[in-house]
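See below for the structure under consideration.
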Amino acid sequence: MNTTGSTASTPILEVSEVSKSFPASKDVFGRVVARLQAVVEASLTINPGETLGLVGESGSGKSTLGRLVMRLTDVDAGRIVLDGDDITESNGPELRAARRKMQIVFQDPQSSLDPNWLVRDIIAEPLRAYGVSRADRLSATERLLADVGLEHAHGSRYASEFSGGQRQRVAIARALALEPNLVVCDEPVSALDVSTQAQVLSLLEALRDRRNLAYLFIAHDLAVVHHISHRIAVMYLGRIVEVGPADDVYNRPRHPYTEALLSAMPNPKPASRRQRILLTGEMPSPVDPPPGCRFQTRCAHAMDLCRRVEPELVAYGDVEVACHLHDTGPELAGASVTEISRGRSAGSAAPAS
Amino acid sequence: MLRLAARRLLKVIPLLLLVSFISFGLLNLVPGDPAVQIAGEFATEEQIEDIRAGLGLDRPWPVRYASWLGDAVRGDFGVSLFSKVSVATQIWDRLPATLSLIGLSLAISALIGVPAGTFAGWREGTVLDRFLTMGTTVGVAVPVFVAAPVLILIFGIKLDWLPATGYVPITANPIDWARSLMLPAIALALTGAAEIARQTRAGVIDVKKQDFVRTAHANGLATWQVLGKHTLKNAMIPVITVIGLQIGRLFGLSVLIEQIFNIPGLGSRLIAAVFENDVPFIQGTVLILGTVIVLVNAAVDISYGYFNPRVRAAA
Amino acid sequence: MTIADHDMSSTAVESATTESRRARFLRRFRRQGWAIGALVFLVIVAISAIFAPWVAPHDPLSQSLTDSFAGPGSEYWLGADRLGRDTLSRLIFGARYSLLAAAQAVLVATVLGVPIGVIAGLARGKIDAVASLVADAVLSIPAIVLALAIIGVLRPNLTNAMIAIGIVYAPRLFRVVRSAAISVREETYIDAARASGVGMLTIARTHVIPNVLSPLLVQISLALGFAVLAEAGISFLGLGVQPPDASWGVILGQGTVKLEEQPLLILFPGAAILLTVLAFNVLGDGLNDSLGREIRRE
Amino acid sequence: MSSHASSAVDPVLQIEDLAVEFITEHGWLTVVDGVSFEVGRGETVGLIGESGCGKSVTAMAVLGLIEQRSGRVSRGCIRLDGRDLLALDSREMREIRGRKVAMVFQEPMTSIDPAFTVGNQMVEVLRRHLPMSRSQARQRSVELLDRVGITDPHRRIDSFPHELSGGMRQRVLIAMALSCEPDLLIADEPTTALDVTVQAQVLDLLAGLQAEMGMAVLLVTHDLGVVSETCERVIVMYAGEIVETASTDELFARPLHPYTAAMLASLPGLHPDEPLDPIPGIVPPRHALPPGCWFEPRCEHAIELCGSGHPTLVAVGGRSARCLRADDLRLPGVGS
């Protein structure tokens, strides 16, 4: 689980310093007066066969980043390199060629499948787009149906007749039709019930192992992300604040936000329950982010420096973290932030439960 | 709210320009030489030249458009082709009758349509709802030119309650004015009331299913609070749209009604102008009515702000 | 109160048996008694219009002054007009003009409104802004007034009248198609298709147009009703079909002149127009209910 | 039918043999079947299950909000403070709702009327149930907003819903629901639509308010984690009926019903190093329920007998389970 897929070869995906903003409000004459900064200078790398989990709450920009990678949305700045090819500006045939190597599975299986189409045709759509012959399409579709655990008869139904889990299987089959190396999974299980979610997660794991797929796995549920990922990146208000091996990030969070996120997760296992850190307030608006560190308005450890200077991602071993606690002040220098949280609550004599 | 109004009014300008362009462009639809066509078969060369000069056809069209629009903005729409009477004077003379007809029938449609639709929507599926719904379905399909003669026959001729045709200006006698407009306004209001009732019903049914209505029920609010306050205010948004659209429809249908009831309004004069090929009058009428409706629609949009605070904020 | 649908949705979906969309549409449409009745009525009207010379009991133009204002009876089922012409036969032949004219107008409206609507809805941006502005401007002028204005300039004749009606109705179809295209465009399956390397034109053909068809079909039915009404109104004013040819509007208009002597002369053509318009509206509503998205109901 | 684990010492809410039906294309289908449980004064009970299991319908039935035409309560008895709610007419029921029993819903974004200010709607509820002047009600609303953790309540009271975030709207809805200090609060997935950090705040707030006001809470949710952190007792529903009831600790430590155990095994994060063990198949459609136990087709512990007779809910040492093998199975819990 925690061993990285492969290390030596070229990364399948390299995203460097990618930014994207959208017009947020206009004046009386329709001119844009404020922009929503969805993604700010985000960088990440995924190796072949590796799963990178991208976590964040709504408004963190994680889905936008997924769409930027897929080139469904154009980037404002930065570079996207897929399997050694720069696709940042690609269009037309170049982009079509790139898309054979990467595919996407969306969150809402309800709207990601055309209700007017038979499941068989949905799965074959990418193949048809690349001019695969009818006979080959048919046999490939049968194979894909079986691969995702659907029956032959399911192929001649409409997607609207299926349950959420089955629809997501169809969406996965479509994504795999072109045999991509990278699949962006944009909240693929968050619309599903617990038992169905487990089915789909298991399927994604099995397919990854069988086909040596790399995943960019976007989700808001840390438990799910931890389960499936080799490495985890945490986003807050458009920025990546922490990246590292899954177990490291999950068990020894370096960024106060990661720590708060982890402690807020409801956990059915009493023994492993973390001491709850209640964040005050809500995420500020990405239209008007706070100065300095974006998390400073809700951070229990915020220092004067945090309100002025935006921290950079700094590597400490395998983990990168963007927090002044590590480069100044108490000099955590890559150690878990939980240490000082504990010290603090002990100091204020709050009962640790 | 002010922002919303300012924004919406800014959008009116290009729309009005386009409407004026359409009105102006009507002349260019005339096949062949407009002057020859308009003058008719028996016109002399002199008359044709006259018309050509009157229409300014000797100049290139952008120049003509600019001067036509400039005149129009100052309230000068030219003169009618044969009578040589100012188009503007004719329009202003006839507008009051048309406006009173439309105002009255709009009031009747809303007074019937909104309560009927609200009731049907709230009691969806009951016998009364089905009855009302059937009534509105038929009502929408009743042509005014069928309803009008029937009303004349029953109330004007057989029962002799109201004058069958004709029009009395309000300045002459307010009671006779109301009496003379009653039948035409009812004929005109029939479709409108049905349309408003349908939309109100659909709106109420839609709002009834909203989560916030469920919250209102769960908080134990009385029926009148849930219906009269929360449901109606939200359901009115699409209804306002329909009422706005209705005003345009009424102006159109009033043409037929004025003709049938012999009311000296804009519509009956327009029909005469169509028969006479009186292009300047047609252009002026299209421009005036288009402008009125553009402004009404803007007012309707601005009034959304009252019903829906999100619209206010989004502006 | 959406709780019920909410809580039951997943099981409801699973319970659906294999059924083609056409079968589902037919099953739902079959439940719409009124819509079926409307369709049957329209088919009967259309057939009698097409085969008018064989169906009509009399020559619609043959006059017989002795039968002036004859009431309904065994000779003239629906009575005769001032010139002793058989009302039923005139109505049957009138249906030809009324229906053909309506079809003409709707054809014009469709050819103008639909492609522009699809393009505007998909492309958005400047194209959409301009097209929408033009549509708004045309919609700002009352339909009948604009139609009359166009007729006034082009000279009264039925084809001109119907082209005018088609032009004024085109923005309505444009709006429906545009908003349907926009809502389809928002669906994730369009993104999925793009991500799969499908070109925009193919997406328009395979995803957008099929999903726009349902609302369009409904609108066309309603448009036909509107066009029948509009033709009748224009002919009623004497600006459409020219006598001795007669559409329903002409027959009605002539009936109005002698309202007091023979009210039946407006009753029958009035009923023909009313029922036909009603039938198109009811059919449209029925189609709307049967073509609606399956996710909602069931 | 009733058993130890589903009864309470001083019950606020008593539900007995409740059945709710809805009209579908397959005719009237029973969506909630034979549900019995009690909620004690000041107690927090979790009602848990996957979508379509009937948990929300049960909650709506308590408030009398099952819509007349598409659904109906076909059997059973619902008592609040000993009073039979199903016997009340709609007028009497309206007086109870919001006063004695209140509800908070899942969708904070759509559950407040967008056309009126927050204060307007709060004052409306207060004045409906309590003899208050407009200014008293407004004063009370400000206090309530302050209590649910809304900063600057004097200003926020005149906000329109769209000016508030999801978390704040849920706080407003909670304030509204608790404004008349009801005996029972039904919270239907109150945090599902919220982000985790906001969810934690709202759950914390609910727990605090409950301790302060002493009301009973029926928490309807699909989230096992939320239940384990907030509830004293848990009722598990599957396909419209109760399959297991137990105290929270017992349920998580040693589930008695294979469905409960299977749900726990489906959770990622409990055993991060082991592969997930998903439940195969889907919930059987309501019109085609299997003849025996409704979970039998998906159950890895099923024996032949499970396919024939439908099991009843049997008491097993202070708790109950609807499983023939409840006594002899040793199912894994989440361990402590």
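Order as written gives the chain letters A, B, C and D; numbering starts at 1 within each chain.
The rule is short, and it goes like this: a residue touches a chain if its C-beta (ideal position, glycine included) is under 8 Å from a C-beta of that chain, and two chains touch if they have at least 3 such contacts.
Every value quoted in this text rests on a predicted model; they were computed, and no experiment measured them.
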item	value
Steps needed, at fewest, to go from chain A to chain D via touching chains	1
Of B-C and A-C, pair with higher C-beta contact tally	B-C
Chain A and chain C, separation of their C-alpha mean positions in angstrom	50
Separation of chain B from chain C, taking each centre as the mean of its C-alpha atoms, in whole Å	22
Centroid spacing, where centroids are CA-atom means, of chain A and chain B in whole angstrom	54
Cα-centroid distance, chain C relative to chain D, in whole angstrom	50
Contacts with 2+ other chains: residues of chain D	50-51, 65, 282
Residue numbers of chain B (touch at least two other chains)	211, 213-214, 217
Of all residues in chain A, the ones touching two or more other chains	163, 193
Contacting residues of chain B [partner chain A, same complex]	3, 6-7, 10
Footprint of chain C on chain A - complex, ascending	67, 70, 72, 95-96, 99-100, 103-104, 106, 108, 110-116, 125-126, 128-130, 153, 156-158, 160-164, 171, 174, 177-178, 193
For the chain B and chain D complex, residues of the former touching the latter	125, 210-223, 225, 229-230, 233-234, 307-310, 313
Complex contact set, residues of chain D against chain A	50-51, 165, 167-168, 195-201, 203-204, 222-229, 249, 252, 262-270, 272-273, 275-280, 282, 334-336
Parts of chain A lying in touch with chain B, wherever the complex brings them together	28-29
